[in-house]
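Letters A, B, C, D, E and F name the chains as they come in the text, with residue numbers starting at 1 for each one.
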Amino acid sequence: MTEGIDAAARKYKRPETEIVTVSPEYGPAAIDNFYDEALSSIGVLEEVKKGLAEGFDGFVIACFSDPGLQASREISKVPVVGIAEAGMLFACTVAYRFSIISMPKRSLASTHELLKRYGLKSRCASVRMIDVPVLEMERGLAEMKKDLLEEARKAVKEDDAEAILLGCAGLAGLDKEFENELGVPVIDGVVAAVKLLEALHGYGLKTSKALTYLPPEKKPITGFSKILREWKGTRSVE
Amino acid sequence: MTEGIDAAARKYKRPETEIVTVSPEYGPAAIDNFYDEALSSIGVLEEVKKGLAEGFDGFVIACFSDPGLQASREISKVPVVGIAEAGMLFACTVAYRFSIISMPKRSLASTHELLKRYGLKSRCASVRMIDVPVLEMERGLAEMKKDLLEEARKAVKEDDAEAILLGCAGLAGLDKEFENELGVPVIDGVVAAVKLLEALHGYGLKTSKALTYLPPEKKPITGFSKILREWKGTRSVE
Amino acid sequence: MTEGIDAAARKYKRPETEIVTVSPEYGPAAIDNFYDEALSSIGVLEEVKKGLAEGFDGFVIACFSDPGLQASREISKVPVVGIAEAGMLFACTVAYRFSIISMPKRSLASTHELLKRYGLKSRCASVRMIDVPVLEMERGLAEMKKDLLEEARKAVKEDDAEAILLGCAGLAGLDKEFENELGVPVIDGVVAAVKLLEALHGYGLKTSKALTYLPPEKKPITGFSKILREWKGTRSVE
Amino acid sequence: MTEGIDAAARKYKRPETEIVTVSPEYGPAAIDNFYDEALSSIGVLEEVKKGLAEGFDGFVIACFSDPGLQASREISKVPVVGIAEAGMLFACTVAYRFSIISMPKRSLASTHELLKRYGLKSRCASVRMIDVPVLEMERGLAEMKKDLLEEARKAVKEDDAEAILLGCAGLAGLDKEFENELGVPVIDGVVAAVKLLEALHGYGLKTSKALTYLPPEKKPITGFSKILREWKGTRSVE
Amino acid sequence: MTEGIDAAARKYKRPETEIVTVSPEYGPAAIDNFYDEALSSIGVLEEVKKGLAEGFDGFVIACFSDPGLQASREISKVPVVGIAEAGMLFACTVAYRFSIISMPKRSLASTHELLKRYGLKSRCASVRMIDVPVLEMERGLAEMKKDLLEEARKAVKEDDAEAILLGCAGLAGLDKEFENELGVPVIDGVVAAVKLLEALHGYGLKTSKALTYLPPEKKPITGFSKILREWKGTRSVE
Amino acid sequence: MTEGIDAAARKYKRPETEIVTVSPEYGPAAIDNFYDEALSSIGVLEEVKKGLAEGFDGFVIACFSDPGLQASREISKVPVVGIAEAGMLFACTVAYRFSIISMPKRSLASTHELLKRYGLKSRCASVRMIDVPVLEMERGLAEMKKDLLEEARKAVKEDDAEAILLGCAGLAGLDKEFENELGVPVIDGVVAAVKLLEALHGYGLKTSKALTYLPPEKKPITGFSKILREWKGTRSVE
């Protein structure tokens, strides 16, 4: 899956953009539910901290539940973008309403929570899921693609969707293939996030440190890797 | 803080209810922000798993950001209740609109996200914060109480709040003292959660395993304690 | 119907809880519409006043339109809970989204108004009705149960409901039978209200007298029973 | 108060419109709260039934809590209009956002419930109340008018209200006087309702009998006047 | 189409009301989309200016996208009413929820935008469209009527609509015919707007000049007819 | 003003991006209200048509009311972006809530309509206006900047805004100066739109032609320039 994400990102990046795609050192092999999402946030935060130490200009969180997005913004001055967020924002600029196709069905709640958080419920025509766990995708990819296309077609025909957003990083790279089949814009959140990050960086925008995304206060933390524990923030509460 | 929570819970529990208050083995010393919340979710999930192994009848997550609540429901058949959620639901039954008083100010976003998630924005008159990190509470408790009471008074007078919800587990035990000062119901989410859990248990309600809260799918997990990695769920994706 | 309500309440109450189930002295034989609801509010208010004189610790209004709930809170310091409200709140703690099954179809509007009032529209997957007047239930109970179960199954399968709320006090007692059939939590608002009231009472919470639920101002009232006319409130406008 | 309402209605009615203003035979002397509203609904319904027997072409419910409005629509084929509803709808056609000024302060909740019910929250800039019970209005009318004008001025200046809606039938007749003072449209719901009813009648629109406003089902009713009990509806449940 | 609009308006107007129906001198022959709407606004504004010079008492904009409505209110002190707005407001007074039937399907977005703007999404059961451009209506009117009735029937049966709003001025005059077929109120926005305007005029209400609808500031305008360029407003920014 | 917009756009564009900044041939000298917006849409549409003929890859509409945005998307396959829309979307990625500062005060309604349309009301902390017409900006620029900064400071301090969005194209170029003063991200919608357009183009996204943004149907259009009248669309209704 990491390879597919990397390939999608590289395909559309600007020549001068350097992309480093990493899979967190620990965490679940895929993210289907809130439990996976909670565990994966830790790995995401660790990678963001490593990346900050290495001087990266921005971060894409390449999972459609945007795990750890708000926490990452707290520890980072450079922009952090989630693929669900970026994909939804891009969809709004080319379509009146968009639909999301994804899997597995149980993650409907997670996607609805993001739509509420980002305020975009009225822009979303439907969320359509096939009931396959993320890790099962690779087995029988051909059939899964057929089923996803079928849901996308229903979204366009029955729900009046005018664009399709791929609701899983594991679907990265299917955008143009699906677009040819469907005749409506198909958006890969991974690409949207890379392009959005280039845009934010090009403008020189930084994460606001006014209130919500202030650096975490210094405090004792038990467990976790040293990198997560030793916060070198700029905020002191003394 | 754990002692205060324990005392509040014991004060109002039914005689036959057995309460075990634990502080997760690892995690931040307090929860002020999304970063702390992400880290603390891990400890919460581990304690829920331990508790399930020991046969507990339900769980209260005693932090006002309800960390790990949805993930905990996935791994648990017995009810799991958050103190923000329980406090808000109780407030709705005794007041037309309630206000939340808490700290630190940066956690406003976290509280607003919960109000959106639970659908109760229209029932909340205001969220008023004093700008003190949770860990600083104990230094100068007297002054902090004065400042919180001042915000609560403004909530009643200026925002038309009809009940006050204490928006931090660290405030557990202040409910009746504040109620006497303010003349409106003051709700401690810790107590509300304990009473709600007793009620759900008394009715025999269990977490739905229909869709969102299905057990997590089995999959390789790297890192984390053995207890978090070895999920003994009943769901198999094969 | 009153017997069914009484039995459901007794089945789950705490041993020390004393339950007195009354049917108001006047009012319609059942509540299918806004007209019935208006008339029934009067009987509800009279019973609450009688109960207050007798020193009850709280009140459950056992009709799914929660008739007279807000007015009852004005005349009562002890908590008053409606079965729609209590059932919805409980459903939110065990399911991401719930559906309501009820009758007759014309009362859809009443249920939607309550969802708006309580702020829980986004938590409700659907309201599904069979088109039978409440009084007709007893004729052909078996068939009605079959039809309700059919709607509940559709709610789970087609609307992604994760719990079912029985939307009529006349359905009290069917919860566990339906739960066994459906495999998802089924909530009887009557039981939820009793358990919620025990919880509120156990915590010592009282209805806020800050603004909305202040005692009614003293004023001449024409007609109605003496008990409704002679308000012995504590508020004087002089 | 009934005289003031009658005078306002007559001032703006069409020449051919015949207006009969009645005060229900029983009910509270004024409506400040949900308790008063519940009691007053009964009198309203009785008057609507009497009016239907006399062949009236439509009904205005002249209290800003629109008591019994939905129930009245169930028993009437000819249009029934509430003064809150009519006033709000008219305000939307002459202003981007309007404010409501009224009394007493405790009835804020009632007004907010109506705004939710009618869907017009985003069109309402503010609800501003002076804390005087409706019955106290006549004592010190001059001062009350000064205080209401002061709130209306704040609504325009601080809340960006572009029209003022008088939020109490007891204020009927103050519209033009206030309009001259404020320089923005001031709407009396009583007049708005009369004019709206003339318009609906002129178009020949009747209350829909498709679902929500079907006639109440026949059923035994205990208590209440014979007129309320003996429903001569057209719907039979057999 | 102008004739049909004129006939519908005349059929229900008060005897003393004088109606002048005009088709703007320039603009598209029909309005199916946002492009047509933008062009048509110009013609609407010119006609409103002409009408103001001639001393008309109010204006109806007879296209269901309410083109130029807000701009027209800026240049007019007398009321300006749109047929979508008036039709929706009237529907709310005779039905709990209404559906809109119209064409072509692509204009769904325009109708949803209006529902958002007027705040009435929760009152609208559905918007059902047949996919025929407005100009094609006259070809095969019989078939189009059949198709519209079919959608209206589905709205009542499947979407629980309790009234039908005709969503296009080109459908003016079909209200009573459809009402007979459907058995629920059918509202022609043209008639609703005329009756609403008579009502506003009868009350003497004028467009608020407090903020949003202030006259446009004087400024150089290039192009357009002299009538649009030479604004004789009363507001000077000097 | 056109020069300022052009300079802001050039300052942040990618080297290979070619920017052509045009002021429509006709229309008002500035846009303060809905009337100006209606007139300016025509000029915008004409420029988009000219640009399409010349083969441009995308369009920015550089006025904060996003005039003609939806109509432009109908006539264009290449992306069209408004500066309000782009600025709001960018603000959401660097701040939990943002405020908009702009002028004149009467255009508050226009900005609120856009927030409703884009679904971002909950992400907007406040809209703060100084009451100066757009054309007056250049007279006394220093004082206007002082006043705008004052409002921005209040937005951060009193409304908890975490980023500031400049709500008028006439403010283009003030972003970094204000950012230095305020210490929070300040976003110029002109730059945001240019960067967003580069991103959309880099990804190869095109406006959806599925429903809402289909080319306008061919039909007779009276008046307007030949360029607006002669639509060379690909859709034929025959």
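A few points about this structure:
One rule holds for everything that comes next: contacts are C-beta pairs under 8 Å (C-beta built on N, C-alpha and C of every residue); 3 or more make two chains touch, one makes a residue touch a chain.
If you're wondering where the values come from, they're calculated on a predicted model, not measured in any experiment.
For the pair subunit E and subunit F, chains touching both partners: A, D. Separation of subunit B from subunit D in touch steps, taking the shortest path, is 1. Here the spacing of subunit A and subunit D, counted between their Cα centres, is 51 Å.
Between subunit D and subunit F, the centres computed from C-alpha atoms are 43 Å apart. A straight line joining the Cα centres of subunit C and subunit D is 28 Å long. Multi-chain contact residues of subunit F (touching two or more other chains) are listed as 96-97, 108-109, 116, 122, 160, 211-212.
In this structure, the chains touch in the following pairs: A-B, A-C, A-E, A-F, B-C, B-D, B-F, C-D, C-E, D-E, D-F, E-F. Contacts from subunit E toward subunit D in the complex involve residues 12, 14, 79, 81, 85-86, 89-90, 92-97, 118-123, 156, 160-163, 183-185, 187, 191-192, 195-196, 198-200, 202-213.
Only residues 96-97, 122, 160 of subunit E touch subunit C when the two sit together in their complex.
Of all the residues in subunit C, the ones that touch subunit D in their complex are 25-30, 32-39, 41-43, 45, 68, 70-71, 73-75, 104-106, 108-109, 113, 116-117, 133, 135-136, 211-212, 214, 216-217, 219-224, 228, 237. Chain contact summary for the complex, subunit B toward subunit F: residues 108-109, 116.
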